[in-house]
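Order as written gives the chain letters A, B and C; numbering starts at 1 within each chain.
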Amino acid sequence: MAARTKILVGVFVLGGFVLFAAGLFIIGDRRLLFSDSIELRAQFANVGGLKVGSKVLVSGMDAGEVLAIHVPARPGAKFEVRFRVLEKFQPILRQDSVASIQVEGLVGSKILQVDAGSETGAPVTSGALIQSREPVEIADIVRDTAETIGKAAAVVDDVEERVGKAIDTLVGVGEEARTLVVQVRGDSREILGTTKRVVGNVNEIVDGVRQGRGTVGKLLTDDEVYGKLRKTVDDVAAVAGNARSASADVKEIVADLKSRDIGGKVEAAAGNVQQATAHAKDVIATLKPSAGEERGLIDDLRDTIMNTREATSDFADDMEALKRNWFFRGFFKRRGFYDLDEVSQEDYLSGKITRGREPERQWLHRSELFDEGPEGRELLSEKGKKKLAIAIAPYLKLSPNTLLFVEGYASGGSREEQFLRSRERARMIRRYLVQRFDLKGNYVGAIPMDNVKSDWEGVSIVWFRDKKK
Amino acid sequence: MADAVIRFENVYKSFGAHKVLENVSFEVPRGSALCILGRSGTGKSVTIKQMIGLIKPDSGHIYVEGRDVTAMNAAELSRVRRRIGFLFQYSALFDSISVGENVAFPLRRHTNLEEDEIRDVVEKKLARVGLRGIYDKMPSQISGGMQKRVGLARALALDPPILLADEPSSGLDPITSQEIDELLLDLKHTEHTTMVVVTHNIPSARRIGDEIAVLEGGRILDRGSPADLEQSEHAIVREFMTLEGGI
Amino acid sequence: MRSTLSSIAGQCGDVALFGFRILRDSFRPPWEGAEIAKQIFEIGWRSLPLIAAAGFAVGAVMSMHTRASLERFGAEAMIPAGLAIALFKETGPLVTGLLFSGRVGAGIGAELGAMRVSEQIDALESLAVDSFKYLVVTRVMACIAVLPILTTVMNFTGILGGYIAETVISGMSFALYWERAWSFVDFVDYVPPTLKTCIFGFIIGTIASYLGYNTTGGTAGVGQASTRSVVFASILVILSNVVLVKAIFFLFPGAEG
């Protein structure tokens, strides 16, 4: 055989072998067989199709493979999955690292995903058992998502319907309201306030959802739902415009009243809505051309205003419901939509909620607020109501989103008595303020200040103005 | 008969229903040449192929240098074959290797000669059959007569004491055929090679054969020197011997 | 009818005995190393252009087809992996086996057939050479050695062909293609399917040698031996593949996934 042939045979056989071996090494390298690694364990009730040899990812990076899956000895016990992870990942793995079984891609094979541990977690050594999270089936996610979208769509439909009603009422009221603005000055400001808040909330939701915020936010790029929300917002904005122009009219009329020298009385009572309203009523009465004809109209308008308030309040309730829906919950939390109804004294004093905002405070003694009721209980007096109206007046000028707390104080008696009394006082005043001035529970808190060293008897109303930018 | 190099004893051979050899017996003394003469398909080739165990007889014995070929194992057969040269009807040169390598083939397999020694022996064998300078030619590049000579050179490469030739003149023109006969005769005279030559060519058989055996219908009709056969009791044998070409 | 059946059974028995004889003789000296090397050159090296070109084309075509099917699911990223898995697991070995049956089966059938009718096999025997060992065993051994190598060549050129087809359409970089191609390939997808071609090699070599070595009927017989070699070798490769795939599943349970 010629020498050349011999060389070619050698090249052929060796080359073929090298090529084959190269394949082995490529696969082995991908399976990370040729690097140092440590062995870890995780337990699952359901291994969700994971197999020996399945890939292991650490924070999304190829890191090893599943070595063995031990079937438990009895029904209640969990499967133990032993897997290999490259040694270089050891520094970021902790005993509180969580292993979960996931699908590679939408239809790929199952993989074991391990998250990096917490900064403070104990470091892992070979053989360590780490945390695990049971696999979530795609079918479950899809089902939940469909349900959520359905719920969200229903909520939006409902909101739209109610807002639509409110708008109709408001628009209908628009013109007539002008004739009644002085009387309804306080009411209209409340409507404006509530509406602004509603618009703010809805805008926030819409923006948040549009930007895909929230865990499942992305899934809600459903055009239909978005369109509905958008329309709602536009409608509400239109109403707000109307209301704003109404309030401009109020200013005009107030100026007018001033010029007629009735303004002095109005000005003096500016802090007290009820007084202002009462004065305005008188003014209206003087302005009324004839009694007989107009009574029906005014009653109608009153009813209308009542309806409007009801509607806007309903809408606010809807917003509350929305906030409690898990789908939007994360979003509201991030924005700080706490319900201050249930804030504890501890949280309040820690400043977690007020976040360093400057308090503005009004002290009110029990003697100014309460009458002695039956069985020694305190009841809010008429005088107290007036005092509260004056005290709250500066707050009402602020953004409706300003946090307000009613601190209850009591001295004397046992600790328990102090706690119960201070809490009773705070709650009573809060309840009254919320009802009377249509404040919203999630912005108004009641805190018993029983542990605070103070011999004050009564309450202190504190609000936290947003920091000026 | 102690010096019979090849001896057939009551050999029978049939392929299916076709009886090729029926009770064939003969012997070839050392240094002599036997020509087996017969028409095509009378079992001449079968006869000599049996001598080196390429075909096994159905019954009977075949002795080569006194040992029974029909009862041999592969190793013993291989030893016998190394002592026998075989010239095939169509030369049967290995067509994938050169002429020289064909002749060198048995040397490479069965001797420990160095490369240059092999080359030497091959050139000598080729010269012996009248060929020069064709070592590197491929079998397909040379004529039928030359192929036959190369086949002969290959058969003689191991200097065998016995030579079997299957139709050495078939497919050749009379002159070339005669040259091959001369070569065989020369071989018999100079090397005292024992020969069995199968042929259907009467002049060729006359030239080479010390004895001629006429094979007809699976039997040896008659056997003897050419002169004896001209006086044969079988008319057909006498007729054969008068022919000037092949039968 | 009965005689036909018994003749077929007889043939099968003959081939089986022939195969056993090959296996037995391949363990007995003398080993015709030089002749095996020569056959590796003849049937291996000389098959390279055919196998490489075919692999390239098969890879390109498979890539285009997988694209067509995976596009519907938006899973174009799976094309390289799908191609590599299909190629390594089945297409590479089988196509190589069939091409090899065609080229080498015909070659061996014709070559041995021609040697038989021109008495070259007898000539070998007359020169005290074991023609079976020298001609048949060496060829079958070469087939067994060569097929996994050719399959590997087919696999890699197939991957390359797939890359060309892919990059022309999507402009994917080679690094990404390469990375994705190997992303799902496991040892069981690579080693057993490649090594099973040794058995294809044995089958092809044995069938072709059997038909060539036992040729009768002159030149016409040679042609027949050659044709039959291709037909029977191809059919047996395909049939044995069914058994082999099942056997691999049985021996390496991971291969099924």
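Quick notes
Here, contacts are C-beta pairs under 8 Å (C-beta built on N, C-alpha and C of every residue); 3 or more make two chains touch, one makes a residue touch a chain.
This one's a predicted model, so the numbers in the text were calculated from it and none came from an experiment.
Under the stated contact rule, the graph of chain-to-chain touches is a line, running from one end chain to the other without closing.
Set side by side, the interfaces A-C and B-C show unequal numbers of C-beta pairs in contact, with more at A-C. Each chain gets one centre point, the mean of its Cα atoms, and the points for chain A and chain B are 110 Å apart.
One finds 68 Å separating the Cα centroids of chain A and chain C. Here the CA centre of chain B is 42 Å from the CA centre of chain C. Listed for chain C are no residues, as none touches two or more other chains. Against chain A, the residues of chain C that register as touching in their complex are 34, 37-38, 40-41, 44-45, 48, 73, 75, 77-78, 145, 148-150, 152-153, 155-156, 182-187, 190-191, 194, 254, 257. Contact residues on chain B toward chain C in their complex (touch as defined above): 49, 52-54, 74, 77-79, 81-82, 84, 86, 88-90, 92-95, 105-106, 109-110, 154-155.
For chain A in complex with chain C, the touching residues are 1, 5-6, 8-9, 12-13, 15-17, 19-20, 23-24, 26-28, 30-31, 51-53, 105-107, 109.
The part of chain C that touches chain B in the complex is made up of residues 114, 118-120, 122-130.
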